[in-house]
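Each structure below is given as structure tokens.
What follows is a pair of complexes built around chain A, which joins chain B in one and chain C in the other.
Right, the complex of A and B next:
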């Protein structure tokens, strides 16, 4: 596992202006990961048809796991089935997963999906084709994209390339690399000619919800310890007070009895 | 032996059979869900990975808070006149938690890997904290209830040993409850993009903890009123009034904190501008705030069995609504998708809830659950006859 927020080794750069909605990436994902087309780990987001006739426009873009530097899903996962490895890839271990689906709610990018129709389902989430990376190959989607909309390489190169393309093509792209700061930074980066909200991207905050989650969960044992000590203290104090009251009452009763005896 | 079982079965009143039928049907649906998968048995989706089952779990845990609130009051704060209510409350709490664990099991996509929770933990996960605490706390509830199980049989010699360690065990139980009652709120801290801002806050664990005190005490009040009606056994009116005194203070503190939090984060305008969400929030405030606070702050009502029960019932309804809001109603839809449960999801919940009532009645029938409560009035109901056991005169 790697430190929260450390720079990932690999990165994607996805260019919405180059995507032609051919879905080759989805087919190659389906083949590589042996999953049906309904359960691919990459899919297409789109703006729908915009503009006024005859100047109509429609933008599409492939969308998959962002591989956050500080992933909410990893922080939320009950059994550490989701982890971020040394190379900054968020990987999934189906042999550990209990299927609680907390990761799906925790992810601010609405990425993880679930094989609801399987008897023994798995979480559907991109792992950068980690097996292929280890063999020195590119992820299947990047390898097969016919227009070069999906580029893959060292994270730092991808980030530099994103800024270079925005700078070298004035007016073509909006001045925003989606993923550079979103959710504390992600290994998947996007550039686009239209604002990302129009493509259906969620407006993620610049701090990962994992930070606030850790703040609370890691504080809980301390609070629990304090509660146990406090409760024990209360118990002993009240018990002592009650015992003292009882002793006093008995002493008083004895005095009274003595007084009564003397009178007789 | 067989004759004895046959005799017992014939003696059971009809409601036991109805509950058994509902339980069997619900569990049957549950087993079918394990076989057929989640797609055909639930309406869960990518946009709504959690549904009715999780809402039931969270509501049930908040109701079962009665057991730890009462244990704290009786053993730690040593309010001895409350002791009479502890057996029924601990039993209800234990069955509540068991139902949560059963539903969770059916909810898990990979129920066959459930043991991962214990051997492969991720300590930054709020859900891990919740599962560990609930599992451990269920064992503690069995311990707290065990005197009832061994009292009248060969295992009686265990009683002094059990009593000896009760206080430390209770303190551990109250600590575990404090942790998981609040951690259920923590679950939703990470969901800031999905949960509506009227409910989402870093203070969610604190809000869940405070409201669990209110629901815990209210459950003891409602429970002892129901047992008064059905069984003619209850704790003293004076004791109930004493308990009820706490509720308005807790609720008032809760809502002052809630409105204060909204004010500090500058979200007060959402109370009027969020349409249905605003309405839900106000419903929570009226049902779980204004009504129970107004009712239970009147001395006359606190001393009236029906009045106090109505007040406590509203407090419970408010907390349950809050849990349903956080887990379901206030989760913002994505891609225009919404969620309504599949009938099989409802059937499992109904079945498991019936199972809780069934096991409760059976345990109360065979074991001295109500022994320590005072007899008040003469019961004529079927349930009363069924749960007959010797009464101690106070």
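Right, the complex of A and C next:
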């Protein structure tokens, strides 16, 4: 697990001026991650057709998990099914998830989807195609994007490229890299010719709700005062659940290691 | 496309089929033996296999990820010039076509009435014997010309042609007259070639797209090149009556009146000639007919064109100035499906001439390497029998300048119905769906009803297979070999990524087996698919296994061709074409006024969406998942005037058909037009995902053929729209 707010290793840079709403990213993601046919990890946000004939405009952009530096979902998850790993990728472990859906309420970007119709439902959310990253491949959406609207690479390179694109093309983009500061900063960054509200993006605060969530889940006596005392019970319950999950995971890993040794 | 995939009224993905991709139990986990032998798959059936996409005709290179003998993901091959490491939305969904639960996996023989969809399973021997005996009976009774053959652009087409020309029939139906005849014939008349290659380099400054909706009619490489050009700040002028996704990216969207693209381009020529903005040196040295052209376009001023096109004269004049100033780093794009109005051929001529006048040749346009390179070997075969019968599609006796290879498919259908000049009796169809593709579907079904024998080769029970007597199941593009495909300096291979499912077979196998039964074995001198490929590779001295591992063979360097030689009668670029003048057509483009819709009716437009290829992909569940509901677009103000609201059901009536569909009220279309998402409205219940969705544009389309190029005028149909 990485420190709250630490710089992620990888980043997306998504450019609304290049997206053509072809949905290649969505199919590629669905196949790679075997996403159920009635659900999706990635979708399109758009302005709709604006203006009056014949002076019309339309902008679209793919939208998926922002991979926050200090993710609200992780702080809200009572069992550590959602974690932010060493590389800053917010990953999900369905075996641990208890289906409480706190993450869905916590996410200021309204990202997690849920399998309402399944007997053992899972949260559906982008994990940057973490398995592909391990194999040195790009995430499935970025790899195949026909226009290069989804770029992927080192986070700091992506952030620098975002500012360079804005600076080198005066008048083309609004002067705002969405995700640089939103919710305390995210690994998914956007540039756009139109304000992000018009694309339907939430006007996220620059401080992640995770900071206040932690008042509950981890307790900070110097700030919390009397209210924190009242929440101690909840805090302990959640802390216990998190620890249990961690123990379970470690036990499982040990079992696997043993099995591997026996095979040899 | 929202976060929730929840449009239950449109979405028809059932729970049982939703897991087709994720669950392996329904398929045998066999490892593709060929890939195994070539070392691209390990003993467990895991690995990466190089092959070629077939979700459209662009044939991008792909790399298939295989796990335990199942293909689990497709990626673009970075070494293929068409994919460059990327696949489009259709390419990404391709494995779902292969694993579609609706696949036909055994030969089928009809047992019910035609169109009832009742078939029984049969062995290959029984099905092929039946087809061969019937075909020979037709040949004996009525002559070989009584068999019609049709197939659409695919890699095994040369062997299909062996079947039809070996059989001795002149009747060959391709999709070309429904697509790009106008563009191809115009390029041949001007440059002596089918289609010059377009060059998008860093110097490119200016592009005029005449209805070329590259952001939705995607060719992965060219869509990427246009996107990069836009990113670099290249100015893009886009003509389309509809605000498409390309319009949204263009520098200027010109909602031109349908049928008047010719007037717009004639006015550009008028300004460029009149104000001497052309490249005088280039015109003198490399073209013929400038004086005739100058005379021909003298009256077509921007003011004249403004009246017709609804584009202001000053804008047309400015675009002419900008285009000429940017030349030779400017490109007037021909477009792809150019069959819109009977004047589309002259529109295409005007575009080719525009590029020539300003000297864009060899800068943004160049001669394209042909598909038929002599570098590859071919199995030996005897000459084809002489054919004396007339072609039913009117080439050349009614359409003197339409190349044999292109043909006039809609005329072929009309003459089957009329029985004039003679009656055909059988129709052999491979990888094509004429019931959905030829305009006026009711008439096409009439043509089918006249036949004694209809045979369809396909991977699905498509609409045409639904009406057939025998259906022969082809292996999908991920399950079979095809002949090599040359792109640039390489010959790319399509090879099986997985074993064919069920009894499905490659076209190379099917044509050979049928050909042998017809006594045409000499036209199919290969043992099997691999032997065919080995014969192709023989002159290159490279082994098939090496090509299987790498995905391509490198071709020897071909001789440098002079880029300033053209295969026209004059050897130059023909601004004035004597060939055209001598066959009764206009030697230089002149204005032809297209018909206009009567009061209260609309132009019916069609045009691609990114998530579909013609009529062949609507059943793909992955594409279906991410497709918009097919609707009829109408300008929102017009809808409001008529008391219609977004989502209302409307009845659309043309001179030949009626459909019901829901309305999309949008600001993004001219008030005098409606647009229908094509490819839906399938008749066949053999496509369980697609059946019942949307409406068919071919039900509404009226047949109009351009006498010069043989193009079907697909936007010349007018419709009335009322509440359903």
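Assume the second predicted complex is superposed on the first by the 212 of 264 C-alpha atoms of A that agree within 3 Å, B and C clash if a C-alpha of one lies under 4 Å from a C-alpha of the other, contacts with A are read in each partner's own complex, and residues count from 1 in each chain.
Assume a residue touches a chain if its C-beta (ideal position, glycine included) is under 8 Å from a C-beta of that chain, and two chains touch if they have at least 3 such contacts.
Remember, it's a predicted structure, so these values are computed and weren't measured experimentally.
K.L.:
Does chain B (first) or chain C (second) touch A:54, or do both, or does neither?
P.N.:
second
K.L.:
For A:160, using the defined touch cut-off, is the partner it touches chain B, chain C, both, or neither? Pick first, second, both or neither.
P.N.:
The answer is neither, since A:160 touches no partner chain.
K.L.:
On chain A, which partner touches more residues: chain B or chain C?
P.N.:
On the superposition, B touches more of the residues of chain A.
K.L.:
Quick one: classify A:114 as touching chain B (first), chain C (second), both or neither.
P.N.:
So A:114 only meets chain B here.
K.L.:
Could you tell me which stretches of chain A are touched by chain B in one complex and by chain C in the other?
P.N.:
On chain A, the residues that contact chain B in one structure and chain C in the other are 110, 113.
K.L.:
Please give the residue numbers of chain B that touch chain A in the complex, ascending.
P.N.:
35-40, 42, 44-47, 49-50, 72, 75-78, 107-114, 116-117, 120-129, 131, 167, 171-172, 174-176, 178-179, 182-183, 186-187, 189-194, 202, 205, 334-335
K.L.:
Okay, in this complex, where on chain A does chain B touch?
P.N.:
Residue list for chain A touching chain B: 72, 74-81, 94-102, 104-106, 108, 110, 113-114, 116-121, 200, 202, 204-205, 209-210, 212-218, 220, 223-224, 227-228, 231-232, 234-235, 238-239, 242.
K.L.:
Can you tell me which positions in chain A touch chain C when the two form their complex?
P.N.:
Residues 17-18, 20-24, 26-28, 30-32, 34, 36-40, 43-44, 49, 51-54, 56-59, 63, 110, 113, 140, 143-149, 169.
K.L.:
Over in the complex, which chain C residues touch chain A? Could you list them?
P.N.:
1-6, 11, 13, 17-19, 21-22, 72-76, 85-89, 92-93, 95, 215-216, 218, 220, 223-224, 227-228, 230-231, 233, 243, 245-249, 253, 255, 610-611, 621-623, 625-626, 635, 637, 666-668, 670-671
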